[in-house]
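Next come the structures, one after another.
Okay, so chain A shows up in both of these, paired with chain B first and chain C after.
Showing the complex of A and B:
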């Protein structure tokens, strides 16, 4: 028995166990929690965050970090809304082109992000934090502080049209989760992320162009942020500078809580799914059992520290900045 | 003359250059009254940047500074009626405690400082929201005058904020250059493994650096709250970016070890001049964030010591 329950096995399954315990205890405290309606609500609040968190998962697997998501999401959302309205304002016209355009904008911002990090040799947390500020500022420049309404019924069907109780946006998120899983496990790029995260010098020595992998990783993350931005706009029907706010804390927490180690090389998109669900089940559950919403940030703070502590193998860490 | 030799002098040359350019464009800018009001306005930001300097000097970062300042605006407003001037002590203490938590989590639990301070910032934000009931609070005018009037008045023609800033920067300078603790900070920033090997209690020094950062962020919040006569969980939003910019533009690199509090003084003045020049050149205030973000990237790229980073993660 003792060799089955090793630390590694425990760490691997701990997030899922935590999620199940959370669902169980919230259900015991308030039976209304365990209903299709409420699960759909959790699904709706999870999907944009899931996309953003999947994007940053690739970066964290490489052992880097991306803190630019708030700016990137805002710029993608605003760019999408402007293009969408300018091209006709409904998915039935040429305005559907705004969807791929938003993804391109996301990829471009991610690319710049990666280039700043790699070419200027700035640690990724600071390069991306600064880029995030630039992004938010740019979104503010584009909108001038205004809100842009996207009221096309066809686009809003993401939220309004439901299959089996869940809105379409959940299925869109599922599709992109599968795409991310494919990239992670079936493409060279995906394997390279793990190679860089597992040991950069080794990866470099075995002939991998580490810098290229990093830049590609940031661009790929940008695409997923853009998907998150589209779903966020679909959810509330508004694109504004504040569309991206709060994504940073929530998505980083989700990734780490899901069991992807901050040191890189371990974890993946399924971990992130569990992590996002844990965070959103906690947020939703606290509201359902009647706790005030402002406790959330504090709880997330404690959660992220606990998750990093649990996932850190202390023997392998010498010192931490 | 090589770039490496000019580098330490770059901050004050930049400051002088900017002052001259803006002064040439706008003759009002160089009037003493304008310069004094400009520097007095930037004092809360400067105090936060001063604290941030200690976190960056040891090679870490403090992303919780803004949330701690936010929280103390609320704490100050709530504590003022009951404790009077004692409210200041409560504010500073709460900042020091939160900073120490960041330090403890970073050093003893091996969580990188940008994550630990982000998390502690989340906790501070929750506390601020809880205490304020998610509303903006206002200070009673007479109570504010009796307890904190000395913060906003003026002494011999100089705004008291400037005197507070001067006292704090002198204290911080003394701590950094004239005490064993200051030397130890430098040792940790210059090379942590060597500092450990020479028998320094590195963990304690780092925790103290984060505690200082938290405490100064709290003072920044307190001063800001007295200035605006109130508090709210988002009052100090928009401080974090310019505070980090001030430290880095001043010449304390992200890798730590060089620079220090005097650099941050120069860096903050650079931020102040850029801000008022943007006003003069009619660059919209909404674009400040973008401009400072770009400046931040430039400043990091120029100052960072790449020999210390074997791999750039």
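Showing the complex of A and C:
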């Protein structure tokens, strides 16, 4: 028994245990919480956030931070919507090209973000935050403050068509989660993220081109932000400057709650999946059990701190910055 | 002893010079302050500025487009309008106003939403002290009045949402057949419009004893948050929900999509603000009613009031109180008149007379 339940094992599985405890608690308080319909609803609200959170997971594993997601998501969403409508407005036409275009836009913004960070030697925190503002401003410039409706039934099937009770967007997110897991565990780039996050000097001394890894990381994150943007547009059928709103808080909270350490080198995309589910279960559960709106934000904050306390190994850290 | 004599002579001259100089100084100061005072009474070419949250929100975008239409009516380019964007920070709002006052030497016609009510007083005092002219909308405390500042605090406009929200609620409750459960998705809980729109629903509910208000949750004026809150409502209440009262259009979009995800197409919904997309949804019958507050006109006329007071076109202190503190316009939009409304207000923006300050307004502000 003591062999199975060592401290390391507990810490590894702590986020999942936290998630299960939350689901059980909400179910006890309101049995209707535990239903396939509700899990599908939690799934729908989780998918765009999951994509964005996976993107920033790679950056956080490297020990950097990326705060550009709100701007990047907005630009990708707006660029997608404009291209989609201009090219025909339905997936059955050439408008499907807008999908890869949005991913390219995301990659390009991420690339610029990485270049600004690495070449100008600006801390990732500041470089990405600034790029995020540039993105939001650019999205506003493109739309002039208007919202663009994407009403193609084929594209909206992401939300309206269901397989086994879950809309297609959940399966798309699952596919990209698997791709992210593949990149993280089966590619040189993925392993290099851990090398940089675990000890940058060591990685550099071993002959690793750290700058290149960083720039690639930001570009990769941009692609996942773009996927998040596409799913966000698929969910509400509107692309606007505000499409990116709130993603910063949700994604970074999710990554940390899932057990990926902000100092780098620890964690991964499965942790992020659990983290996103924890945050969305809390958000959904609080409304389902009928908690008054004015205490929800406070409760969310307290639960996030509790989840981080339970799910990260703080003993291995000598100092917190 | 000659050096003493010389010293006394010198002292006399310097004292005379000093007296002359100070006499000139006092007189000069008086003269320049008189000139200054006269210049303040009519600023020939004041800087026109709009201070607001940001343009991301369609409502504020409309407000600012009205401000731009106004400066274009002066024969100036759009970018003659100075934008002060506070991003939801009262501190930034005040700091930006003070900076602009310093830059323009007080020759400023400012239209502003001060972000929250307590911030209105320091903003107005700063503008009045510098000799500029300010018109406010939405936020101010009840004890702050334009007529306490002579001409420099020109006007305050707000919208009373309780009455129109009650009307939309009645439309909703009638469509529900006067029974069943209703949910309300509100704005940011502390915002005045959010409070008033919920209050309107509650007033209407008094006349419908068979309708139960199942829940009222803030959705922060945000489409995506509204989408998630509505999803959770569906889990908690399921088929008990027979109607949805939304605090504004952006919330209604999120609600519609949450329902669509569940295959629910015929839920009665009402909203507020009269955004173009919402008006289309009203025309399609997907939203039963929304309320248009004409933000384009509101944004233009607020800037116009400050501008024309600054240039001396009218003297605010000669106007009655009802012209200094008033309610903005509200127009109810139903499916039957959505097309006509769209043609009149949205397909092409009407050309407004920016000197008709009070035509569409709705009477003096009443304090409870």
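Simple rule for what comes next: the second predicted complex is superposed on the first by the 284 of 321 C-alpha atoms of A that agree within 3 Å, B and C clash if a C-alpha of one lies under 4 Å from a C-alpha of the other, contacts with A are read in each partner's own complex, and residues count from 1 in each chain.
Definition applied: contacts are C-beta pairs under 8 Å (C-beta built on N, C-alpha and C of every residue); 3 or more make two chains touch, one makes a residue touch a chain.
The structure displayed is predicted, hence computed values, not measured ones.
> Touch test for A:130: chain B only (first), chain C only (second), both, or neither?
Touch partner of A:130: chain B, not chain C.
> Tell me the contact category for A:12 with respect to chain B and chain C: first, second, both or neither.
neither
> If you tally the residues of chain A touched by each partner, is the higher count for chain B or for chain C?
Comparing touch counts on chain A for chain B and chain C gives B.
> Where does A:283 make contact in the superposed view: on chain B (first), on chain C (second), on both, or on neither?
Once the two structures are laid over each other on A, A:283 reaches chain C alone.
> Quick check for you: in the superposed arrangement, does A:294 touch first (chain B), second (chain C), both or neither?
both
> Does chain B (first) or chain C (second) touch A:191, or do both, or does neither?
neither
> Touching A:44 in the superposition: chain B (first), chain C (second), both, neither?
Second partner only, chain C.
> Which holds for A:140: it touches chain B only (first), chain C only (second), both, or neither?
It touches chain B and chain C both.
> State whether A:201 touches chain B only (first), chain C only (second), both chains, or neither.
Only chain B is touched by A:201; chain C is not.
> Applying the touch criterion given at the start, work out whether A:117 contacts chain B, chain C, both or neither, answering first, second, both or neither.
first
> So which positions on chain A get touched by both chain B and chain C?
136, 140, 144-145, 294
> Applying the document's contact rule, which stretches of chain A touch chain B when the two form their complex?
Per the stated touch rule, the residues are 63-65, 67, 116-118, 120-127, 130-138, 140-141, 144-145, 200-201, 249, 252, 256, 262, 264, 292, 294-302, 304-305, 308-309, 312, 314, 317-321.
> What does chain A use to touch chain C in their complex?
Against chain C, the touching part of chain A is residues 30, 32-33, 35, 37-38, 41, 44-45, 136, 140, 144-147, 149, 159-160, 167, 232, 235-238, 240-243, 245-246, 283-284, 286-290, 293-294.
> Mind listing the chain C positions that touch chain A in their complex?
Contact set of chain C toward chain A: 55-58, 60-61, 186, 189, 215-218, 222-225, 227-229, 231-236, 238, 253-254, 257, 260-263, 277.
> Sort out for me which residues of chain B touch chain A in the complex.
Touching chain A from chain B are residues 59-61, 105-107, 109-116, 118-123, 125-127, 129-130, 134, 192-193, 196, 202, 241, 254, 284, 286-294, 296-297, 300-301, 304, 306, 309, 311-313.
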